[in-house]
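Listed next: structures, encoded as structure tokens.
In what comes next, subunit A is part of two complexes: it sits with subunit B in the first one and with subunit C in the second one.
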Partner chain A sequence: MALRELSSLEKYLGLKKPNKYSTQGDKKVPVLQNNNGPPLVGLGTIASHLVKVAKRPNLLGDSAESRAVVQQWLEYRVTKLDGCTKEDTKAILKDLNLYLQDKVYMAGNQFTLADTFMYFGIHPIIVDLSVQEKEQYVNVARWFDHIQRCPGVRHHLPPLAVLRNRIYTSKHH
Partner chain B sequence: MKLFVSEGNPHCLKVLAAVEVSGVQCDVQYVNHEERVVPFLSRPALPALLLPSGLHLFSSNAICRYLFEVSGKDSSELCNQWLEWEATDLQPALLQALHLAVVQGQGSEVSKVLQGPLNYLEQSLSKGNTPYLTGEAVSVADVVLWAALYPVLSDASLALGERASIKAWFDRGAVMHSCQSAAQKVLQGKGLQGMKSYMQRQPAPPSSQCRDSQPCNGNPAESEESERAVSAEEMETAALTWSKGLNTCPMATSRQHPILPQEGKRNILLTSALPYVNNVPHLGNIIGCVLSTDVFSRYGRMRGWNMLFICGTDEYGTATENKAREEGLTPQQICDKYHAIHSNIYKWFQIDFDFFGRTTTEKQTEIAQNIFWRIHKHGFLLEDTVEQLRCEKCQRFLADRFVEGICPHCSYPEARGDQCDKCGKLINAVELREPQCKVCKETPSIRSSKHLFLDLPKLEGQLEQWLDKSTSTGDWTANAKQITRSWLRDGLKPRCITRDLRWGTPVPHPDFKEKVFYVWFDAPIGYLSITANYTDQWEKWWKNPHQVELYNFMAKDNVPFHSVVFPCSLLGAQDNYTLVNHLIATEYLNYEDTKFSKSRGVGVFGDMAKDTGIPSDVWRFYLLYVRPEGQDSAFSWADMALKNNSELLNNLGNFINRAGMFVTKFFEGCVPAMELQQEDKRLLALVGWELQQYIQLLDKVKIRDSLRHILNISRHGNQYIQLNEPWKKIKGGDTERQRAGTVTGVSVNIACLLSVMLLPYMPTVSQTIRDQFNAPQSCVDTMLQGTGTFVCSLSAGHRIGTVSPLFQKLEVDQIEALKKTFGGQQSDDEPPKKKKTAQSAGSPPPAAGPAAAAEVVAGIGADPEKAKQLTQAVAEQGEKVRELKAQKAEKAAITAEVAKLLDLKKQLALAEGKSSDPAPQKGKKK
Partner chain C sequence: MGFGDLRAASGLKVLNGFLSERSYIEGYVPSQADVAVFDSLSGAPSADLVHALRWYHHILSYSQRSSLPGVKKPLGQYGPPGLADTTSGSAPSAAKEEEDDDDIDLFGSDEEEDEEAERLKEERLAQYAAKKSKKPTIIAKSSLLLDVKPWDDETDMKQLEALVRSISMEGLLWGQSKLLPVGYGIQKLQINCVIEDDKVGTDMLEEQITAFEDFVQSMDVAAFNKI
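So, the complex of A and B:
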């Protein structure tokens, strides 16, 4: 899973030569063999590395603050989203919904790596939501829809219908 | 920039260390663990950093990284990698380790849990050959890892083993100093124990072996976890404790009234919310207040604490006047009548008050008026004029409940003066259209009347200061803290303390003659006056905050009066009153998924419980088993029968009875000699561990959770007997006979321990067991000392008495009859889906057989025959629904058929022995 995400990221970044990855441990943590030094381990670590290689530092945030925010959500992705239980998902969606209330992207007004990897991580959760639930988490749905439509982000994942067009505004359907 | 941290939180250690090392200026604020600092997170997350932009960082690693970056130290890729490893690999292991060491007291298990990550770190450090993780200089990775590991690495007792590179890195000066000072701030020199209160609030880590991590919702038998590993060390310790035997000198002496605080003892004053006198209490009232308090009070006495348990009836107020009018009696007569009813009910439930008084006494007037004058003198009262309805015919001001009229919001014609039953909005009585006096139906007139208000805003500062201290040092249930916080957040307003009534404590102020105190001001003073009626030295309890700990027990609706309003009265009086230290509030108990309702005749009320023929102890057991601790719960007849039959009869009663019978039948009534083998010692260790959990939980007033550990012990015991088959071995050779003796002796001693642990819950059964075994009284005092000591209290040669069964089976038809009696009349306005399977008898399922009986059976185990019938019925009903939908039938008709289908599916699930919860709806698209 993580490997496909990294290769999607490579394509998005326009990296010419695809890297070779392996995994380690039960949790299949990605490992990047590095010619100039020791291997890099961990999804967030490797993703940040790729962004630097591609000379797109803005994807990691354009200020100390936003860099911290991006790293925070990358960590959130691997610690909270990955391996979350059915009960956790409700709380996660609720929190994210509140967080995204006044934001376009995870780190504010700018697209960053946090959007990419939160999107990848939350995709399996959104797949399982009913229409009603998607409406309940309307900010998450809006953000999700926005990200999956950003050119070049989605790659290996199928697009999901998250927002209904409200032709009728009445509550009775 | 503002950094929020809480004491004892290991994550805060990291950020405080990072502040020191990076030298970044930031305002550090200490808050409570429960404080929700980050507005968008539903669970409290600390530490949190409020950034200049107004955004919050809530991950400790992101905060550390940020602090380093603003001080000019960017983090390298290697640094990133260590931080990610810390978050994904080290933290889960650390949390589990801390939980084991701090909450479960199993420090010996820690090294196993941490072995993996520590070895990895050791390897990396020795391979890298640099003083710090990422090179020659300290980086954020060093600080984060150092601080994360500090609690475990600095505790020598955990015996984590020697790792040379880690040790060298850990002891390296540069980081150490800053981290140590951070550790001092967070842990306050208490080491691992400094984190106890934090760790106890955290959900137990998923992979740990701890048993108390699971909520006590279901049948404990269903949530049987894998066997806990017992170390050889634990086994030896348990065997040593066992061999110590009973204390020779009894610790507890019999209670001598009046009980007064004693120097050098833990002096505990217990109050249970005063039940209102105008009605018979229902089961929810009983479990929320008096029964919970009783359990804790009996338990505390066994622990050797000096306890006084006070309660009484709350008798003043409108509702009493109302009831008196209804029954054609005077208020005093009503109070006398109902006080006796309450008193008898509690007696039947074996509530062991030290004193059960009432609020309509001289002492109440004296103390309430004294407090009033003191508050007045200190300037905490305000005067204001209030518009009220007055009925000229009845010659009195009408309390809110005495007025009816048209709702100003929804035009419902029978709205009450305080609230409309239709739209649920709160109403000010003077706003009602066409108001009527409820008694004489005359139209009341609006009159203004002068009243006194307690100036809560003026006391708010004092209150908050005291609350901070009380909630952080005492045991307040989560709901109590949350309700209190929400009151404070909304801001306090002055509260009226006087009423135009007759039945109350008279206001002594000459300008407010003819008025009485409002019950909310008056009633909590009842705790004091009832104590004063118990002893003239009541002030030794109530004006002695340094020696006395006060526990208030109540249901959650009563919280604000005990945490905000009453403390304000006492603070305003400035008389060194004892204020609440521990506030224990339950959630609500429902009746078969609906509410208890006197008017609809739904539910079991205290006076009827004894007419059911079910013993008081069984009632106590079941109510405590479903105690709404942390969440609402429901009383259900079928469940009560199930728990009685499965837990009391088949598990607990069965074990105790067998143990006793073996002694009687195989050893002529004398406890045989015991030669402990490894297996026995292992059992002793398991039982000892359950006992420790029981004590830890009850110390924190987790009454329902600790009950589970009693049942776990008898479950261990039953397995032990089953495995060793003493009834076979007794017929064998000498070695086998000796083995039978050991197993019997150990079992009967466990049964004796169970009798002690049961005492707070089922006092009669507990005594009966000890009577049957002729057990010495001192076993009660011995086993609950300290963290719990399971000793051999019936030693070889001890002669036991006559053993007989403790519990009786509750039969299905008996339960069904009771359910009918107490179910209340079926009201038509209730939507059918609200009712449980057995109640929706209106639409009998196609499958034959009484649905209600199925419910009881289904819980116990699967019923294949029934399941087969139901599968068929579900298929048919499903077909019917599909047909209707295909025909585009009317929506109502489809809905009705779907409801039936769901109901059938639920029954099927029960019959198949699954949980009846429907699977969550998935991806349904319209």
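So, the complex of A and C:
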């Protein structure tokens, strides 16, 4: 799954040449073999590298504080979200809901990598939520719907109906 | 459309509810729609309106608000559909201003002032009464087709019909009728009637018709159409 996310990110960034990734370990940590340098290991590391290659540094945050927050969420994604159990998801959603109460994006006031990868990571959880649960985590639903409609983000994942009242426009099908 | 009065708590509540599932007023990027609503607020929403506050701080972070895409529309065009546009509330405020002016008129005698106030009051009462009477009351009517079944083929259908027609209620008008055979020589009376929904109900009718126990075995509503 991490490899698909990285290729989605490449498309989003408009990188012409897709990279060849491999994985290591039973957790399937992605590895990018750089031609001249040491291999890059880890989802967050590779993603940050790609962003710099594509010269889109603002995707990592536009201030020192937001850069730190982006890294925090990338780390959260890899450590807490990936491979979490069913019981954990409730706690995760609760935390996220509280966090997103006063925020439009995960870090700062702009779209960043934190949004991308948290979206990718949360998608399988949202797929399994019932309508009542989606209403319960109203901030997560709002943020999720917003991110999945950002142009170019949602490459390999199907759009999900999170908000009850919205009639899904046909172009998403 | 519209949020109501955004300077009042009621309007802010509508805004808060609207923004609970949206990041922006219109669409998925900040636009002049957000600027229009932002500019109409007198300050940051209170802390209990979490969604409005979130949106407010987010829009505040855009320093070049005039360069956001889109065209500013009047406030009544934004917001949840189905809410009456109350942004054109300038009429009562204009009248209020008039009254204020009267108060400020120091050189007018007391008598004159009272007369003015009286006149304004009468005028407004007259306007209100006129508005009320102009509202046409649409009476909801329905057309029913009733099937009245007798006990056996010996029942005098003419008398049955006469009995049914004798039921009179306000808002009930009997119409055409005919006799339809149902088998074994028994005939049922099919009779039309027009009722006013507010005044007559089918259960009331059924009670009254089946009260003629000697003649009527049962009554059914064969058809019920709204007019």
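A few notes on this one:
In this section, the second predicted complex is superposed on the first by the 165 of 173 C-alpha atoms of A that agree within 3 Å, B and C clash if a C-alpha of one lies under 4 Å from a C-alpha of the other, contacts with A are read in each partner's own complex, and residues count from 1 in each chain.
Assume contacts are C-beta pairs under 8 Å (C-beta built on N, C-alpha and C of every residue); 3 or more make two chains touch, one makes a residue touch a chain.
Note that the coordinates shown come from a computational prediction; the quantities given were computed from them, not determined experimentally.
Look at A:Y76: by the touch rule set out above, it reaches subunit B but stays clear of subunit C. Once the two complexes are overlaid on the shared chain, A:A68 sits against subunit B while remaining clear of subunit C. Using the contact criterion defined above for the overlaid structures, shared-chain residue A:S7 touches neither subunit B nor subunit C, since it reaches no partner.
Note on subunit A: of its two partners subunit C and subunit B, the one contacting more of its residues is B.
Within the superposed three-chain model, A:N19 lies out of touch with both subunit B and subunit C [touch as defined at top]. Of the two partner chains placed by superposition, only subunit C is touched by A:V138; subunit B is not. On subunit A, the surface touched by subunit B in one complex and the surface touched by subunit C in the other have residues 101 in common. Touching subunit A in their complex are the following residues of subunit B: 39-43, 51-53, 55, 57-59, 61-63, 65-66, 69-70, 77-78, 80-81, 83-85, 87-88, 91, 921-926.
The touching residues of subunit A, when paired with subunit B in their complex, are 27, 29, 38, 40-45, 48-49, 52, 64-65, 67-69, 71-72, 74-76, 78-79, 91, 94-95, 98-99, 101, 108, 127-132, 173. Taken in their complex, subunit A has these residues touching subunit C: 101-104, 109, 138, 141-143, 145-146, 149-150, 163, 165-166.
Contact residues of subunit C toward subunit A in the complex are 20-23, 28, 50, 53-55, 57-58, 61-62.
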